[in-house]
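What follows is a pair of complexes built around chain A, which joins chain B in one and chain C in the other.
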Partner chain A sequence: MNSRAATLAAAMALLAAAGCAGPERHSVVDPAGVQADRIHGLWWLYLAVCVAVYVLVMAAVAVALVRRRGGSDQPLTAPPLAAEVRRGIAVAGCVGLTVVTLFVLLIADFVTGRRIDSLAREGTLTVRVTGHQWWWEVRYEESDPQQQHNAFTTANEIHIPTGRAVRFELESTDVIHSFWVPNLHGKTDMIPGHRTKTDIRADRDGEFWGQCAEFCGHQHANMRLRVIAQPEAEFQKWLAEQRQPARESAPKSSQDRGKGVFMKSSCVLCHTITGTQAGGRVGPDLTHLASRPRIAAGTLENTRGNLAEWVTDPHGIKPGVRMPANPLAPEDLHVLLDYLESLK
Partner chain B sequence: MVRRALAVFTACSLLVACEREERQFRSAPPFGGPVRFEEDYQNNAHALSEGKRLYSAFNCKGCHADGGGGIGPPLMDEKWFYGSEPEQVFDTISKGRENGMPAFGGEARAPGINVVGTVPEHQRWQLVAYVRSLSGLASRNAAPGRNDHMQTKPPENEKEPETPVVAPPPPDVVLPK
Partner chain C sequence: MIAARPDHPAPEPDDAARAALARTWARAPGLYGWITTTSHKDIGLRFVVTAFVFLALGGILALAMRLQLATPQGRALGPDAYNQFFTTHGTTMMFLFAVPVMEGMGLYLVPLMVGTRNDCFPLLMNFGYYCYLFAGLMLYVALVLNTGPDMGWFSYVPLSGPDYSPGKRVDVWSQMVTLVEISTLVGAVEIIATAFKLRAPGMSLNRIPLFVWTMVVTSFMIVFAMPAVMLSSTMLAADRLTGISTHFYNQAEGGDALLWQHLFWFFAHPEVYIIFLPATGFLATIIPTFTRRTIFGYPALVLSLVATAFIGFGVWVHHMFATPLPRVGQGVFTGASLMIVIPNGIQIFCWVATLWGGRIRVRTPMLFVLGFFAAFLIGGLSGVLLASVSIDVQVHDTFFVVAHLHYVLIGGAVFPLLAAVYYWYPKWTGRMLGERTGWVVFWLVFIGFNLTFFPMHHLGIWGMPRRVYTYLPEQGWHGLNLVATVGSWVLAMGLLLLVVNAWWSRRYGEVAGPDPWGAGTLEWATESPPPPYNFASLPTVRGREPVWEDDGTTPVVTGLATDTREVLVTTLHDAAPDHRYHMAGDSVWPFLAALATAGIFVGLIFHPAAFPIGSVATGLAIIGWFWPSKEPEPIHHEHERPAVPDGGGE
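Let's turn to the complex of A and B:
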């Protein structure tokens, strides 16, 4: 009996320990930004209050069960007046306590909401994120009309400078999506035909995972994005790289033949590669595809094998996805992969 | 008696569910096999709505608008320059036509026709089904309903079927030099 209890306790401890694995990339209880930190505080307050209320209610129920009245054979009599008054005071006290508790939660909620909203915007960095079924279009805007050529588009990957507030403008092209990076902030819905905004600041470097948080169809669960918070210098370097048009491939090389395949087949109809004739806005921008460590909205690692499978049979990986299957000849597929891998 | 009738009725109405529409993500047509136009496209709500999505995605709208025409001819009337049969529409989309219709099947019918990549074959069939639904030639049970955004025409599933008429193609447009 004792050993069984010990095993049970050990199992419970192990389960609990699973919750405290170091820094996490997709967790509300490991805040990496000032807003997530405030939400985290509110979360703990709610948890503590709710646990206390639950324990008190269960204790009251237990007491009521233990202190039961006599059997049904006893005649019913009205309780003495003093007992009636005492009971009335107890009920009024409990109602008062409930109201006070709810007010504490209400005020904490209100204060947190105001503090989240008052994030100072030091920089002018604006990122427009557009939800598509089932990927994220990410556009780095330039407010200065003279600098419009510096605006660029990427997909499923957002780089932000650590310590600087970034304005996210959120849109959707088809159905309602929701932008959620748990380590950095709460959810913000993306609504077709209506632009929503949220400000985010990461206070430590790292890679944080985001997830669509509003059911949007077949591949909702695999609609992920990565947010990379990095020091300002690294961030500027990344910006400079992304602003470049796609890398030219040497004439007659396999990359060049792959580019030919890209422009002749179905790829060109949906995808953009800056600096070439490919300008489709239906699928993700591929100008710097090889610089992104993951493909298919965070589902797969960006390796040659995965890329080949994704191009030829995307529905084997993500059923219902918008990308069509492309039955390419083996030779065409190989040179196409050479070309895609050269898009650094 | 009433109870038995009710039971039979319930059983019969359950049978209706047997004719469930199939939605194939990894459809057979692009990898060979005969094209079952009626089942897989013309009477299939998924194929028709995909066709509608692709109609915008590949910018058919740019010339044909929402079916009323503009630079290109209208698609919601009874007139067909190059034939209304599915194979004929497929041929028009795939190889293009003189007068400006680009080829979406990878190779043009004649020199001078612009080739805009290769739309996968099953997507071209989805487009054929949707284009035919614009003049009411698809199943009204399967055709797309009302748009979420502003309406420019009644929804496809409310379109009265037109009787196709073969009209002579317009004379070649001579572009000013």
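Let's turn to the complex of A and C:
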């Protein structure tokens, strides 16, 4: 009866090995970067060894079940010595084999670890990511003191040039978060008071999703992150756009009236829009809000309807979120949305 | 003369002697007797039953969580309830179910297996049970009052600190953990002393039943691991208490958030072995019975247990591979985490060798043992993947780990526990659980379990983090989540059927007799259920399977008092008779002491003054507890040369 269970379990293990397609935007087994690729290789080595061990042990149990049923009920307190010695040798052999296998796995892990850590850093792109409850602040630093005006901040979206190593400096100002983009690399915790870093290189273009991987409170589930790996030229174009202050709105236009609503309301206390007097640092930078395809840390698509809902009742979407509800008159909301949608 | 010689078998104790023993060892009638009992069978079973109640409560929370996750953007719970539920689920399963149920099994079985009348410190055992019960009540009362902890059972600072978790939710957790660990420590002391000093004459160290060995090793692990969590949870409580506000974990004031993780995992990884090792003890007891032979490789199995216990304290950092630690330091912990595979491998190989050399009978307990092989191996082997730093940083804190830990804990501990329930239920109640129902229960549990947890491996490698209350439709996780939810209900049906069966069989089950399985350990040498005094005459032992080896000439211990609670203390190494020991009678003071102790911890949630006030109350209860008894304890100066029980002559 139980050999059937063994077959079932073995079949499921094979399914595990075979059915590794899954969602391609956040998958450990669909690597898009050199580190994830090396981990993926190691993963297959470990998985193959483990599946082999599982099959062998379960086969041994199944064979015993088939061959050793029935017989006398008389308990055997002193089994025949010769057979026991044979079994002893078999057990000792299995233990020896286990030790050797474990050494191979240990060395393979150590070598992979070393290779992951020694990512060659050609180019000096540094991105500082700060975890907040429950969104990501992303700052593109400028190492050259003369170029400080070129540093800029965005949120929940990281663009990187394909094929170039990027250093991520990670920190948190509140609780522990963990930075994780499965297609590119494993996790690095962001611990208040500890500066951590991770080097990542994407080897193919694409959009990869990440998510906070350390429980960080109420809205841990809705703390997502998008990494866009793109060709160097496209990346440079994006950089140039992001470095610009917010687009000016034409006087008396609905955008301009919306800007007025923004500046007179409590929005300015938390959000920054470069080039205006809004300089709050508590929430995400909105200078180029309209250029980001998703809002609320990846929870919603950036459409006018979603934006309206988010502004007026964020707690209906992310209960417990730090952003307060903003009951606005319909006319005010309308022009505010016009303004926000103009922040390309 | 304590033991009769084999050529002069002692006469069976007559009915008058049995009646006297029953009077001496029985508890007082009524509610008072129920509260004050010090019988290891009462309290052991009470631990087991209470733990199963908490399993049911934790299980209901899990079913609710599975409903929330069945569909993307589910609306069943919402984040606040979900976070309270998953925290309470984890806390319940680790602190209120898994460890206490194993302790309960130990408290019940160890005295029977070593052939004595009770556990060593009966009043302390009573105290331990009430600490456990009050801690559990504290958690669930808080949950019902919407004050259930919501920061995860691992309670990482700073999230659990005063700044990010205002209110009383974390305080409930930290005080409850300290209280329940008092109970765990008490049980550990109890089991070590009983197994070391109250063994039947002749049960030298190399003849101790393997289950007793696992309980001894587990108890030593508890003695070293639990203080770490009691210390860290007390420091957390102190950080949070207004008026004390220490800064142990506050980075801004010179504390450190990582300190918590080290202290917590130094406890919490050994905790896994504290749960798993007793389960291996069930296996090592059940497998010989159903293969009709002694276990293969007894010395190797005992040494593996001890090795697991030692190495188990050196692997905690594999829970912290994503934190900033040097690569070589991490490598050491990878090495240790892989090394622990060796003793566990030895255990598995020895069990398989026992199967190979035996004559297998597949009854329900054995069925669960076979289920253990199929399920635990998956969990154990996915643990090998997690030992690798590189693989771990990918799957750490994802559903892959959720799958892994449930394969280890359900496959590795609950399957053997269910085997043990089927195996020892006749001993507890005198009646059998249904064999046919047993098979239905097994298949429901086995299929439900795999349906629930196997897909979680995939969810993890597809990027689904743990502890998320929701996910988006475009993330592609809904199919497997729905499968898991369906599986959870199948699993629940199986367990429900077991409960129904247990309830029914108590009255109407087939009568078991003293030894329904034809097993070899001493608990089967007495009636089912055992009388209050366990054995009319304490047995002596000549090998590892005393019942199998008994040819009717095994001597028994005679000369113990029947009118006071007297047991035989034997030497640590050889279990040679040493002296007679008078055990304390039932008393209400341990209950009152537990009440006062619980009062300290409940009060500390609200005000630091609870500590001095509660300490005075506890002190008074302890004074009452140790107040000299009016009844003089019999003192025996008689100390003859102990008889050699294996008939070697004098």
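Here is the rule we use: the second predicted complex is superposed on the first by the 305 of 344 C-alpha atoms of A that agree within 3 Å, B and C clash if a C-alpha of one lies under 4 Å from a C-alpha of the other, contacts with A are read in each partner's own complex, and residues count from 1 in each chain.
Convention: contacts are C-beta pairs under 8 Å (C-beta built on N, C-alpha and C of every residue); 3 or more make two chains touch, one makes a residue touch a chain.
What you see is a predicted model, and the numbers here were worked out from it, not measured in a lab.
In the overlay built on the shared chain, the residue A:Pro192 is in contact with chain B and with chain C. Of the two partner chains placed around the shared chain by superposition, chain C is the only one that A:Asn222 touches, whereas chain B remains out of contact. In the superposition on chain A, no contact is made by A:Leu239 with either chain B or chain C.
Look at A:Pro79: by the touch rule set out above, it reaches chain C but stays clear of chain B. Ranking chain B and chain C by residues of chain A touched puts C first.
Using the contact criterion defined above for the overlaid structures, shared-chain residue A:Gly320 touches chain B and also reaches chain C.
In the superposition on chain A, contact of A:Ala308 is made with neither chain B nor chain C.
When the shared chain is aligned, no partner comes close enough to touch A:Ala290: not chain B, not chain C. In the superposed model, A:Ala151 lies in contact with neither chain B nor chain C.
Counting contacts as defined above, chain A residues 192-193, 319-320 meet chain B in one complex and chain C in the other. Residues of chain A that touch chain C in their complex: 1-2, 5-6, 8-9, 12-13, 16, 19-20, 22-23, 25-29, 36, 38-39, 42-43, 46-47, 49-51, 53-54, 57-58, 60-61, 64-65, 68-79, 83-84, 87-88, 90-91, 94-95, 98-99, 102, 105-106, 109-110, 112-114, 116-117, 133, 174-176, 178, 180, 182, 185-189, 191-194, 196, 209, 211-222, 299, 319-320.
Interface residues of chain B facing chain A in the complex, by the touch rule stated above, are 25-26, 30-31, 57-58, 104, 106, 116-120, 122-123, 148-149. On the side of chain A, the complex with chain B involves touching residues 192-193, 263-270, 282, 313, 315-316, 319-320, 324-327.
Residues 78-80, 83, 151-152, 156, 158-159, 164, 251-252, 256-258, 288, 291-294, 296-297, 300, 322-324, 327, 330-331, 334-335, 338-339, 341-342, 345-346, 348-350, 352-353, 355-362, 367, 370-371, 373-375, 377-378, 381-382, 384-385, 387-398, 446, 450, 454, 457-458, 460-463, 465-472, 475-477, 518, 520, 543-545, 548-549 of chain C are the ones that touch chain A when the two sit in their complex.
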